[in-house]
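Following are the structures in question.
One chain, chain A, links the two complexes that follow: it is found with chain B in the first and with chain C in the second.
Then we have the complex of A and B:
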């Protein structure tokens, strides 16, 4: 899932300067699970903004709405009656959701209320950890099911580096060394042989370095005829 | 095999090698490099130029190496993977070779959060093992990693780092073997203070026969005070400094002299370990002491 965290209230207030009619828009998917942009967080933020507005005379009119998935046009279409007439949408979805809103409502500003951080998982209550680097060329079969791209501070494919001590990464005592974990995992899998062979330089073309990525699933792509028929039904 | 550098020649002839480190200046003038060169001339077989060590911008290691060559000394250029991708890396190697650089030490580099520009983006297009693979291909096949041929291939004596004090201990030698497979001709280790652990590491190295396949140069760093020792212990990544050493410096009448003496003793000890082919002296901001250390350790050059 996508992990994010809300921006600070003063930063959000700064973005809303000069706006009047505001819709705080949440998402019930990933950002709800990481407690950053679901229905509850939308309600709390909207209330904080109303309070701030009345204290400082900002004149904000704040409404709330939360959709199932803000990254999908079908769900964001439901927001049309709520967005019309607003000056801005403060999106508490990830950056994908905020962009979907902006693309569908080009005359209303979509403002990011959340910093999108990473692709990760809940580790324990309230703790969310990055897991996948989204490099487009998965190496988990070589690294004991642990992603060195995301979880090693240097994205080393032939770790651990000389900064690994006591199972921790050199960048922070709170960060586990991914390569220590890879060694332990390969140990328990009986595949320590995988540590012997140098992994050659990676092809980053499938990662963000190759430019923005677009995946086409040919079987799912509609023909012009099918698009027309679908459009007709709708 | 003919030697590509003075350092390689010394090692091939079976002489105990000495390398020493020179920290490039935070300056647009290379005067300090020339000063160190004059002070240390004759006390080591080659001199390492660190590459923006601890992730702080300093004069480029290649530029410093060129200055060193002008002064008649042999450089070891350190090249990290933190600040350059494979395109810049290969370009820098061609340029360094044209300037006369033969020894290159391939390292991943301290993470940028150690430095004074923590907000910088790092590169890590390749890691140190892959850097060795790329440089070896340039040297042995006369080709860039892309496969494009080079008109003139660089003559390189390729180095790697090894840290016996990092974890997981039992896989440090596995990684050294990987570096040897990837092309390392020589290895310089992290500063050694925990001699017992180093000896255990060397036993594992010998058990794999690696001491016959790569020249192992043991790293030492003279400590000028108990404060520096504590700093090394607590703040430097992948370093072990036993309390006995800190205590020895603390109770010494002259901690600086004690630090030099300790370093001399360490070198003499290391020289007796099977498979250790030389020492690498890292006298950071204390370069002028290198000739004395070398002399007192009985390593006449």
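Then we have the complex of A and C:
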């Protein structure tokens, strides 16, 4: 899931300066799980903005709406009647959701209410940890199911650096050393032999270094005829 | 006249309220108490909305820690009050207008004390600026 956290209220208020009719738009997927942009967070932020507006005479008219997934056009289409007549949409989805809203409603400003951080998972209630670097060339089968790209501060592929102390990373005492965890996991799996095989230098072209990525599933792509038959809803 | 809103759990604090009535204890009519099934039912939106509607102060009254019928509703309520306090500071209304109290069923005097405490805070802070505008 995508992990994000809400921007500070004063930063959001700064972005809304000069706007009047505002829709706070949430997403029930990843950002709801990480307690940053689901229905509840939308309600609290909307109420905070109304309070701020009343106190400081901003004149904001704040409405709220939450869709299932703000990254998909089909769900964002549901927002059309709520967006009509608005000056801006304050998106509490990840950056993908905010961009989808902007692409579908080019005449209304989509403003980001969240800072989108990473691809990760809930560690325990309220704690969310980065797990995947999205490098496009997964090596989890060689590393005991632990991603060295995202979970090692240096993204090392062949063992820990000298900063690994007592199972922790030198970057922070709260951060486990990914290679310590990889060794423990391989030990538990009875596959320490995998450590004997050096992992060759990575081709980073499949990561961000190759520019924005695009994946095409040819079987799923509709022909022009199919798109026409679907009434432009593809 | 002040407007103080209290969200009050109907269990321990609710019984304390009944007992206060039976014993003839009085608290200021500035305090309006709204009974809820559990303090954990109250969330930030209820608290902030009360201020937007003109409350000078808001309090949440839950059971004593460890005594919640719903196990941790009162602890959740405290977290929400803390979050709402942060928001009140950020918008400039001030967090001291909001408070969480814990009361047992045999502490009717605490209801009277809380009403006095919040009234004294409003006296020193002044009325809710939004209520003044109205």
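Things to note:
Definition applied: the second predicted complex is superposed on the first by the 231 of 234 C-alpha atoms of A that agree within 3 Å, B and C clash if a C-alpha of one lies under 4 Å from a C-alpha of the other, contacts with A are read in each partner's own complex, and residues count from 1 in each chain.
The rule is simple: a contact is a pair of C-beta atoms (placed from the backbone, for glycine too) under 8 Å apart; a residue touches a chain by one contact, two chains touch by 3 or more.
Not measured: the values here are computed from a predicted model.
Looking at the shared chain after the overlay, A:43 reaches chain C, while chain B stays out of its contact range. When the shared chain is aligned, no partner comes close enough to touch A:21: not chain B, not chain C. After overlaying the two complexes on the shared chain, residue contacts for A:54 are found with chain C alone; chain B is out of touch. Using the contact criterion defined above for the overlaid structures, shared-chain residue A:171 touches chain B, although it does not reach chain C. After superposition on the shared chain, chain A has more residues touched by B, the comparison being chain B against chain C.
In the superposed model, A:163 lies in contact with chain B only, and not with chain C. Residues common to the contacts of chain A with chain B and with chain C across the two structures: none. The touching residues of chain C, when paired with chain A in their complex, are 43-45, 48-49, 51-52, 83, 87, 90-93, 129-130, 133. Only residues 8-10, 40, 43-44, 47-48, 50-52, 54-56 of chain A touch chain C when the two sit together in their complex.
By the touch criterion stated above, chain A contacts chain B in their complex at residues 153-167, 170-172, 177, 180, 183-184, 192, 195-202, 204. On chain B, the positions that touch chain A within their shared complex are 81-82, 86, 108, 110-111, 113-114, 122, 124-130, 133-134, 145, 161-163, 165-168, 171, 174-175, 177-178, 181-182, 190, 237-238.
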